[in-house]
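Below are two complexes that have subunit A in common, paired first with subunit B and then with subunit C.
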Partner chain A sequence: MIARIVSPRVFRGLLPAFSLTVILIAIFYLQPRAMSYFGLNLLLNLALPIAFATLAQMCVITVNDLDLGIGAYVGFVACVSATWLNDQPAIGLLILAGCIVAYGALGALIHLRNLPSIVVTLGMSFFWLGLALLVLPTPGGKAPDWVRAIMTFKTPGVPMTIYAASAVALLVHFGLKRSAYGVVLRGVGGNPRSVERAGWSVLRAKVTMYALAGFFGVMSGISLIGLTTAADANIALRYTLLSIAGVILGGGEFVGGRISPIGAVLGAMTLTLAGSFLSFMRISPDWQIGAQGGILIVVLALRAIINRTEARQSR
Partner chain B sequence: MIADRLNTLFAKPWIWAFLGAGLVWLATIAFTRGQGAGEILSAALSFATFSAIIGIGQMYVITLGPGNIDLSIPATMTFAGAVSMKIIDTQDSMVVPGLVIALTCGAAGFFNYGLIRVLRIPPIIATLSSSFLVQSSAIAYGRGLKIKPPPILADFTTAKILGVPLLALCVIGLAAVMSVVLHRTVYGKSVIAIGQNPRAAQLTGINVEFTRFATYVLSAVLAGLCGYVLSGFSGGASLNMGADYLLASIAVVVIGGTSVAGGFANLPGIWGAALFMFLLVTMLNTFGLTAGVRLILTGVIIVCVITLAGGRKT
Partner chain C sequence: MSDLPETIVILDGVEKAFGAVRALDGVNMLVSSGECLGIVGHNGAGKSTLMNILAGTQAPGAGSVSFNNNAGSDAGVRAHSVSEAHAQGVRCVFQELSLCPNLTVAENARIFHPGVKGWRWRRQASDLILDRLNEIFPGHGIQTDDLVGDLSIAKRQMVEIARAFTVVDTPLRLVILDEPTSSLDAVIAQQLLDQVRRFVGTGGSCILISHLLEEILDTSDRILVMRDGRVVDGRSAGAFTRQSLVEAMGSVAKDRDRKAARFASRRAAGEPLISTHPTGHKSGTKLDAYKGEIVGLAGLSGHGQTETLVRVFADLKKSGSDVALVAGDRQNDGVFPIWSICQNIGIGSLRGLLKHGLLDREAERNLAELWREKIAIRTPDVDNNILSLSGGNQQKALFARAFGSPAEIILMDDPMRGVDIGTKQEVYQMIREQAAAGRTFIWYTTEMDELHHCDHVYVFRNGTIAADLARDEVTEQKVLHASFEAAS
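The block that comes next holds the complex of A and B.
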């Protein structure tokens, strides 16, 4: 019984929650005042857009691809949200729907021509950045009031971010990990040929996952603009690397369709908190991305140790 | 006879990159009515040099097979540039030690390979994590200052012989040497063999792990070299100098006709693709487009080129 509870599998599953807890405890220890509604709200303020971007990246990673254009894409969505969505909501929504279709089409293109996703999405990052500059040549714009109202809504107990992030994580968890079609979608990352042989369309699965990525990207951009109130074409460029780090931190693996939506959201929160942790430690912001890299390496090292223990046990 | 020659020429995977570069150049000078045709070519050679240096390293890494890629190149470049310029401190006498230090920054390659091997993680994640650390070190070390290069290095990197940049000639030489290394040495052939079938390569007695290790170090050393000469060329090391080179390093390899699936590499294509990338930006600038349109067109053209190149059997 005890052996089952402390099995490497369970450890691996708990690793994302564990890293988040460690960093939260460290922050509360350094700054006890952070342990309040207001403190948590400030700490996790920007976690929601990062969590959405991480989920978008996770969708692409599920089918063994990588999206290096998600940051620029979220930036473009933010620019559209701060201009069209505010001035002419109908046109704004149309543009955003078009974005999701474009992402699906990108998935189809990558699959049909068997292209390296890294290069295609890196090229697309220029495309989105250019579009964003056309929409909003200089920083500015205004967030629609309803977006602002949702993002600053005061929920009882804990801040809105925590409710929203939990809800989204559970929703995606059930969609991808517990539904029948979710298994097919992940199967495309595991063994596309057998999925194809079993009569499922790999093309359809890839388009679905890319379109989902596009959808989460839209959510990320809109939630970001609700927090910052104004937009800038470069506002989310760093999300590209953050989202990849978040997925990996959350227990996602790069091949084989092994992903964890709940872990990804936890990973995104851990990375968001890493920045605050550094400032509480009075470490210069120069080391911010370095610390994120460090956390990534430590977590990956822990996972490697767990995997090795597992391999030894099964022998 | 001539048709046969042409056919063999067009069968070379690298020819398309040069054709593309030529077409873009013609379009540009058609727009300017022939004005500045030579200057554009000369500038293209100068700027393409830097993408070509890191492209060579990236090509070796990509040739190792699916999943192998080095995302830490921009960070290593920045770090090598910042450290070497700060230590040289604009003294001409320190140029050679500075170069050695920049090349030593290729130690980042040890770290990359160590992560891949010890943590058993995919190279993308390993090089990404280490690039976070290296970039941070560069930021903390350089403190946002632009450190000027020593005059002798600045002169060397901007020198021209009959309008042809000296540095470009050196790097064409480097590409030729690396081409020989790839196709004529045990190491180079091992890289190609591993890319085609790692298991078969292992069984024939090739030391797969050592070859991978050497390749990641090679890529990092070339990134260090690029950071060093780029600092000399652009009047100093700055903290965002590597930013544009992530796309460049991967794009020149793929557009140049090297197989992304690994196992097939070609070096001439890297120069063709590097020239194409620079001439493309020059053309869009010459047409007087705004930054937004320029970026959109760059993105669209890259995706189109990849789509066309990806469908071709190499």
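The block that comes next holds the complex of A and C.
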């Protein structure tokens, strides 16, 4: 029994929480004033949109694909939210629903034509960017008041971001890891032939996961606009790589359907905090991206070590 | 259960072809309730294809598969799909493992049964699979929340077998076991075979495919022997002996005396060019190859031949010998799919095609043209994409790559998979000429006929050499016997 509790598998599951804790402690050590409601709010301000984008990416990674268009897509959603959704909410909602359908269709196309998802989504990223520029050629627009109100709502105890992120993480965890159909969705990543042989539609699973990714992309764009109040077509381009890093940091793997929704949200938060941490360290922004890469390498190295001990134990 | 056996499934003239290869050539078969049907045959006899058709994962090219429903309804239902086969109570344990490694044991059970759902599905799936595991493999030591990827191969196989015997909402009538004991030890294999007998005893039926003839003889009620996509013999298990099964699997003796008479061993003098143990062993019979010899590796597939070839290749490379490998798995290990035929051939001898340190396109083209001529690659232009060729001609290009290179030793990993008979004859001729010119060949093949082109044949079993035959000693009987020695 004890062997089961201290098994590498448990360590692997705890690693994302561990990384987040370490970076939080480091920040509090460097800047004790951050240890307050206001401080946390500032630190985690942008964590929610990144967490949503990471969940979107995770959905695609679950079925062994990769989405290189999520950043541009979130940017497009932000532009639509700052224009149509504010001016004519009905049309705005319709466009956003259309986006989700388009994502589902993308999944169908990739599966049916057996196309590499990287190529298709990379192409789509230019499509979304172009659309965003059409909607909003220059930075501007205005976030709908209700979005603004939700995103700046003052919750008791800890900032809203933490409540929202925990709720979403638990919800997705339940949907993918605990529900009966979630098993099939993850099974497609593990061994699509086996799922097909059991009589399930792999097409349906892929469309579901891509549509979910589209949905979380919409959530990411709307929450982002609620924080920034105005939009820009390029606002979220870096989300593509951030989201991939977040999934991997959260214990997910590129292939094989091994994912963790809670880990992904923790990974997104770790990445958000890593930026602040590096600022506190007075590392110039020029070096920050490199330093973020360094943090990623450290965490992945830790995971590799855990995996290796696991392999040794099972031998 | 009823006393009178009912028909479960009838196959009528089922055919299936993959390109030029006829995997199934008109198979008729009938399975009744309460019987265990054993199927034996050499590699490529069509057993696995037949099972795929029964399980609905492949559609038959011709002929019909009809299931007979219970309760006197004689309306046959043609199995079009997996779900239909599943609804008819057909379960299949495939040769390659078909569990999702990223899911737990219980979750894999859930994938298998759409009927397991609702709030308590975890508990239900967990109980379902655990009950079966306990029943079939007492003391299995598997937890239902273990990730399948963390289990050993044998335990995965046990989970997969137990899963096939679970019942939720559709009845279970026919369980197909394709080489189920290949990764199980003797005790667990016996537990499985006992389960088969128990299941058959309650009116279910089983199809058991195995290369272990004792297993088949002891467990089955009736045995079908397959060869070249046909059922060539079918009798009750009692009517067969080990000997007669092996005989039935082999084809009729061919007239090879003429060839045999001309055989002269090259082994009388000189040192072997290669002398090694099969991979993973330090003792036992050695594999020797002398200059100018064609050495054949035989035996059932997956008994260490490919591993040995790859190892020999790596060793020779390390020691600086010129060696080339002709891959059998064309798509994965052979062709560069976006390159031209010319580039695909030239890659084998790049060093010889250099001019001032750069690749000489002209020389590469000449080499390709030379071999197009010699080996008759059917293409109007060697600059065409390699995939514009038929499978057999793609394989010829791969031979041209090896033959065109300066390699002294050429290793071949079952290179004739899916190649039509005409192409084969041309390539055999080429191999003999090349050997006569002093090249050495090590040739792993799963086709009995090809062994007669070899000067020396090593039969592999369980990673060791079970028999060492010179050309004049090679007979199908001997090779089959060595491949199918009693399980230890």
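Just so we're on the same page, the second predicted complex is superposed on the first by the 313 of 315 C-alpha atoms of A that agree within 3 Å, B and C clash if a C-alpha of one lies under 4 Å from a C-alpha of the other, contacts with A are read in each partner's own complex, and residues count from 1 in each chain.
Going forward, a contact is a pair of C-beta atoms (placed from the backbone, for glycine too) under 8 Å apart; a residue touches a chain by one contact, two chains touch by 3 or more.
Keep in mind it's a predicted model, so treat the numbers as computed, not measured.
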Superposition on subunit A - do subunit B and subunit C clash or fit: clash
Subunit B versus subunit C as contact partner of A:297, first or second or both or neither: first
Partner, of subunit C and subunit B, that touches more residues belonging to subunit A: B
Touching partner for A:191 - first (subunit B), second (subunit C), both, neither: second
Of the stretches 99-107, 135-143 or 333-341 belonging to subunit C, the one that collides with subunit B: 333-341
Footprint of subunit A on subunit C - complex, ascending: 55, 57, 81-83, 86, 92, 94, 98-103, 107-108, 110-114, 116-118, 121-122, 147, 149-150, 152
Residue ranges of subunit A touching subunit C (in the complex, touch as defined): 9, 178, 180-181, 183-184, 186-187, 189-191, 193-200, 256-258, 310, 314
Subunit B to subunit A touching residues, read off their complex: 67, 69, 115, 118-122, 124-125, 128-133, 135-137, 139-140, 143, 246-247, 250-251, 254, 260, 290-300, 302-303, 306-307, 310-311
Subunit B-facing residues of subunit A, complex: 66, 109, 113-116, 118-120, 122-134, 137, 241, 244-245, 248, 254-255, 284, 286-294, 296-297, 300-301, 303-304, 307
